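The structure that follows is given in the form of C-alpha cells.
Chains: A, B, C and D, in written order; residue numbering restarts at 1 for each.
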Amino acid sequence: MAEEKSTGNGSSPEIPKSQPAPVPAGVSAGAAPAPAAAKPAAAAAPKPAAPPKKSWPEPKFNEKDGRLLKTTRYWPTELWPHPWQSASYRNGAMMLFGIIAGLLASGAAIGELSTWGDKLYALIAGFVASHGQPAVVTDVIWVAIKVLIVLHVVLINGLWAIWWERKISAHIQSRVGPTYAGGFHGWAQTIMDGIKLLLKEDITPAAADKWVHALAPAIVVAPVVVAFAPVTFGKDLAAANLDIGVLYIFAMAGISVIGVVMAGWASGNKYSLLGGLRASAQLVSYELPRGFSIVPVLMFAGSLDLSVIANAQAGYKWGFLPKWFIFYPVVGQLAFLIFLIASIAETNRTPFDIPEAESELVSGFHTEYSGMKWSIFFLAEYGYVLLASFLLATFFLGGGASPFVFDHVIPSWLWMLGKAMAMMFVFLWVRWTFPRFRSDQLMDFCWKFLLPWSFANIAFAGLTLFLR
Amino acid sequence: MSDTQTAVEPEHKIRTDSMFVNLGPQHPSTHGVLRVGLTIEGELITKAVPDVGYLHRGTEKLAEARGYHHCVVLTDRWDYVSAMPNNLVFCLAAEKIMGVKVPPRANALRVIMCELNRIASHLLFFGTYGIDTGAFTPFLYAFREREMILDLFEMVCGARLTYNYIRLGGVMLDVNDAWLAKAKEFIEYFKPRLDEYDTLLSFNPIFMARTENVGLISKETAINWGLSGPNLRGSGVDYDARKADPYCGYEEYDFTVPLGKKGSCWDRYYCRVQEMRQSVKIVEQALAKLPAGETMATGVAKVPKPAPGEAYAHVEGARGDLGIYLVSDGQGSPYRMHVRAPSFINLAILQEMLVGNKVADVIAILGSIDIVLGEVDR
Amino acid sequence: MTQDELFAKISAKLPQVEKHATQVKEYLTLKLKSAEDVLPVARALKNELGFDYLEIVTAVDWVGVVNPDGFIRNPNPNVFLPEGATPQNFPCATPNFPYRPMFEVVWSFGNLTEKMKVFVKLELPRDDARVPSLAGLFKAADWQERETYDLFGIRFDGHPNLTKILTPEFTQGHPLRKDYVHVKDRYDE
Amino acid sequence: MIDYFSKVFSAAWNTWKGMLLTLKYMLKPSITVHYPTEKLVPYERFRGALLFDAETCISCNLCVKACPSFCIQLENATIPDPKNPAVKKKVAKVEWYSIDFGKCNFCRLCEEACPTKPKSVWHSLDYELVFFSRDEMVRCWKAGIGWVGKYWDRKAKDFKDPPGQVPIMEVNVRR
C-alpha cells in the first residue's frame, strides 16, 4: 500500500538509481562497520571506538510505516540541475501529456455537444408524445435537465478547483500538495474534505444573529448558480439564451455582497464585522471597473447576448490571427487586464483578499462559520472564479473559437473549457505570487486607476470603431 | 512622539464607540505568544498595549543554579531562531571572566556559524513577513533555503534548532571537508536566490505600497527607544557591534553595514535582505581562509570557577545587540546573569508606533520589528 | 579613547561620580554615591557627553547565594528514587566574598557615534529600594525598568507605568532576589 | 505624464517578473520528503533520543553532573563486602539508571562526559521520539534492560517497553 503510494507519486523527489545518493557526512545505509568520514577532533569529542568483543545487535530500521530513504537529505542543488533524470518527473510529464491528448481525442470523438442536446430533446419530445402528454411537459423536463447540469457544473467545479488550487500552489512552492486521498495525486482530497466538513459540528456562536447567520451562506451561493444560466459553454451551448445575458450575470453576481455583509454582521465577532465591512466596500467598488471594462467588448459585438459576443469573434485576420477581442490593439488588452483584475477583486482572492486577510482579521467574514456553511462560502468563491473564467474566455478569447485556422476537429466546448481553465490557472497563479493590498490602497487602486482607465478605454474603443 | 505617525483627527468627528480588538495570543499571525490589546476606531488604532510574559522561563534565575557549561544550553532557548549568537555571547562573557583565549580556527568557525544562523534567521523573517503581508509563497521559498542551513548545522553539531555548538573556549566539534564542500555549495546556490527574493517581494509594487511610509522611526526615536540591529540601522544609524566592538575576529572580514533611509517598514525589511548578502560575503571569506589548528582552548575546566569579577559581552545577533552581563562570585555558577535581549527592547516601541495606524498596518509593523518571543520573555 | 581619558572627560563634567572598585571588564564602570545623582548624571551623559543610548538597566542582589527551596522540584521522578530526593549541583557561598544586603542597580550607556560604553552602578538598601526612573530621558528604560521592578522589586520613582511585565500577576515576590522562595500557585502540581 | 507611465510600467514589469519566477519554480521538481511514507536517515552527528548501555557503565556520575537540567539519575551497584558481609561495597557497575526525557535538552553534554569506551550513554539517530503519557518520559535501565530502556507504568506497576520509540538506525561508530 505504502509502496504503491510512493511510486504513484508523480513528483516525489526521487533520485535515479544511476546517480549516487548524497551521503555527505559519511552516513552509510547499512551496518557498515566504520565509515568514519567525519573526524570528531575536539578535545571532548568521542573517538571512534575499537570494535567491541561482543556481537552487536543488527541496526533496526523503522520501516513499519514507511519507506526508509537511504540518504540523509535532498538538496535543491541535487534535484534541480537534471530534472529529467528523475523517473518521477518524467512520468509526471508523460502523464500530463497523456491526459491532455486523451481529452482532445475524446472531445474530437464526441463532437459538438449541441447536436447531442438536440437529439436528446427530440428523444424526450418523442417520449412525452408517446405518453400522450402535452408538449409543455417536454420543456419542463428539458429545463430541469439544464438546471441540474448547470448546478452540477458549479458543484463539481468546487471539487476540481480546490484540488487544482492545492496542486498548483504546492508546485509553485516546491511542494507536491495532496498525494494520499484517492491514490492518484490525491484526486479525492476535496471529496474527502467535503465529507469531513459535512460531518463536522455546525457551530453558531452565542452572540450571533441566528437566522441571518444561517441565511448568509445561502445568499452568497445562490446567485452564483443562477448567474450561470446564460453562460455559453460552447457553440449554442447555454442553459438560457438571454438577450441581456451580460447584464443579468452582473446583476446576479452583485447580490452576493449582501450575503457577505450579512455573514460579517451576524457572526457577532469583531473580526467578522471588519471583514464584512471591508468586503462590502471592496465588492461594490470593483463592480464599476468590472462593468465598464467590458463596454468596449459590447460596443464591438453590438450585443449583450453572450453567444452573439462569442460569435462576433469568429474568423481570422491575415489568415492566422484569430479575431479575438484580446488581440485588438490597446483596447482589447486594457479591457482584458481591467476585467481580470476586477474579477480577482470580486472573488476576494489574494492581492485583493482583505475581507479574509488571515494575517489581520483571522478569517474575515467567515471566521465564525464551520462545517458545511463554511464550505459553502468556498463553493461560492470557486463558482465565481469559474464564472469569471468563462466570461473572460467569452469576452476576450473568442468563446469556443479555435485559435488555429487548420483546426476543424476539436469541438468548441473543449476549446471553451480549455480557455476557461487557462484563465482559472491565471487566477491561481496570481493568488500564489502576490502579497495583499491594504484596504485604502485597494480603494485607491480601484477608483484612481482602474476606473479612469476603463473610462478611457471606452473612448479608445469608440475611436477604434470610428476609424474602422 | 511627533516622530512616529500621530493619530489623524478628522475635522467633523462623529462620536463613535471605540472597539477593543485582541491581537493574540492565538491570533494566526502574532509572532509567538504575544498579545496586543488594540483600541480601534473604525480601522484606526488609538491605543496599543503589548502584553508579554507568556513564555517567561526565568533563564536568569536558572543560570544562578547551574554551571557555566550548563548555561550554554540555556542560552539556546532564548532566540530559538538564531541560537548560535546566543551561545556565542554567553561564551564570550564567560571567557572574558575566565581569561580564556580562543584558538583562531574556533573563532573562524564561530563567525561562520553565526553568519549562517543570521541568514537562517533573516530568511525566517523574510518568509513570515511575506505571510504577514499576504504572500504565502516567499515563506516556503525561504524555508527551502533555511532547511539547507539547518542541514549544515545538523551535520556539524547534530541539532537543527538548539545547537549548543559554541562552547566555552571554542566549539563543540570540528568541521570536516565534506561539510566545507556542502557549505560552499549552499553559498553558491543561495546567491542567486537573494535576487529572486528581491523580484518576488522586495520590489513588488504591492509589497512596497504596503510597507513604504508605514511605521516610520526617525534616528532620534530609534536611539531613544534603544532599538538595535536592523531596526536601528533601518533608521539610518550606523551602529553594528561587529564593527563597533569587534569580537571573534570580525575586523578581519570585509563587509559593509547596510543602512536604511527613512526608517520605514520597508527599510527595516530591506536592511535584513541586504544583511543576508553581507553574511554570505563573510561566510565566503571565512570559508576561504579557515585557519587550521585546534578548535578548543586548553585550560577550560570541567567545572569552571572563575575569580570574582564582572564582564559584559555583546554580539550583533540576528535581532540586534545581544548582550550578557555576567557577575561571578568565585563559585561554579554565575552569581548573576543578565541578558540584554534585543527583541524585548525592540518590542517596547510598538506601543507608540502603532497609534495612528490602520489595523492592516499592525501586522506589517509588528512583523518588521522581527521579534522572537522566546527572547522577549526569556 | 582609553578608559582613563574617558573617565577624565566625564569627571570634568560630573565631579560626583567615581570609578567603581570592581570594573566591568574592558569597560569603564562608574559609581554613584546616592540616588539623587542618578538623574543629573544620566542627563549629563545623554546631553553633554553623547551617551544617548541606554543599553541595559538591571540590578544585582548581593545578599548571598540562591535559596534553592521551592523552585527546583524533584529532579527526576523515577521509580527507584525515594520521595523528596534533593537537587544536586547547588552553589555555595564563597568565603571572604563581600556579600551584603544591598541591591546594585546597573545602567549601561552607549555612545553610538564614538562607539563607547560606560557602566554606571548605584548601591541601594535592600529593604526599601527606590531609585529615580530614567523613562523620561530614555524611552528604552520603560520596559527594562519594569522588568527590573518585576524581577527585583526595585521601585523606579517617576516611571509612567511601573507594573509587572514578565511574571504573571499571581506570582508572589520578585524571583531574581536571591532569597526568593517559590510560593505554590495554581499551576504547581 | 511620462513619469506616471514609467511608474505604471515598472510596477507592471516587476509584477510580471514575480509571476514568471513562481512559474519557473512550478516546473521544477519539488524538494519535499513525504514523511511518514518516506523517511530520511539523519546525519551522523544527529542528537536523537539517548540510549544507555548498562553493561559498559562504570557508574561514575559524570553524566549526572554534566546534565544541565538534572534529568539523569543513577545508583551504584553494591555487593556485600567479602570481609564484612553486613557492609555493602560499591562496585563500578550501575544498579539503576534513569533519564527523564521530559527534561532532556538533547545537548550532548552527557555523551561528552562519559569516560567509558564505548560510550555508555549516547545519542542515537532516532528522531521519532513520542510519548503517550507522562510515565513514558522517564526511561529506566537495569541490568538486562536493552539500550532503549523501559518505563515504569504507574497503573500496571510494571516496566514496559516504550511504544513510541523504535530506533531508526543505530550506528556503532558513534559510541
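Keep in mind that, in the parts below, contacts are C-beta pairs under 8 Å (C-beta built on N, C-alpha and C of every residue); 3 or more make two chains touch, one makes a residue touch a chain.
Keep in mind that this is a model prediction, so the values were computed, not measured.
Student: Listed by label, which chains are in contact with chain A and with chain B?
Tutor: Neighbours common to chain A and chain B are D.
Student: With contacts defined as at the top, give the pair, B-D or A-D, that has more of them.
Tutor: A-D is joined by more C-beta pairs in contact.
Student: Find the chain most remote from chain B, comparing centres computed as mean CA coordinates.
Tutor: A
Student: Quick one: chain B and chain D, Cα centre-to-centre, how many Å?
Tutor: 27
Student: Let me have the rounded angstrom distance from the C-alpha centre of chain A over to the C-alpha centre of chain D, please.
Tutor: Chain A and chain D have C-alpha centres separated by 43 Å.
Student: Chain A to chain C: how many Å between their CA centres?
Tutor: 59
Student: Just give me the whole-number Å value for how far the CA centre of chain C lies from that of chain D.
Tutor: Each chain reduced to its C-alpha mean, chain C and chain D end up 37 Å apart.
Student: So which bits of chain C are touching at least two other chains?
Tutor: 72, 89
Student: What are the residue numbers in chain A that touch two or more other chains?
Tutor: Only 24-26, 37-38, 40, 44-45, 72-73, 75-76, 172-175, 432-434 qualify.
Student: Residues of chain B that contact two or more other chains, please.
Tutor: Counting only residues that touch two or more other chains, chain B contributes 66-67, 137, 141, 144, 151, 155, 172-173, 200, 204, 206.
Student: With touch defined as at the top, which chains are paired up in contact here?
Tutor: Result for touching pairs of chains: A-B, A-D, B-C, B-D, C-D.
Student: Using the touch definition from the top, list the residues of chain D that touch chain C in their complex.
Tutor: My answer: residues 64-65, 70-73, 75, 95-96, 98-100, 103, 138, 140, 152.
Student: In the complex, go through chain C and note every residue touching chain D.
Tutor: 72, 75-81, 85, 87-89
Student: Okay, in this complex, where on chain B does chain A touch?
Tutor: Answer in residue numbers: 19, 21, 27-29, 43, 130-137, 140-141, 144, 148, 151, 155, 167, 170-174, 176, 178-179, 181-182, 185-186, 189, 200-201, 204, 206-207, 209-210, 294-296, 298, 358-363.
Student: Please name which positions on chain D make contact with chain B in the complex.
Tutor: It comes out as residues 10-11, 14-15, 17-18, 21-22, 25, 31, 42-47, 65-69, 105-109, 113, 123.
Student: Which of the residues in chain B come into contact with chain C in the complex?
Tutor: 52-53, 56, 58, 60-61, 64-67, 96-97, 221, 223-226, 237-239, 244-245, 308-312, 314, 321, 323, 325, 327, 329-333, 335-336, 338, 340, 344-345, 347-349, 352, 377-378
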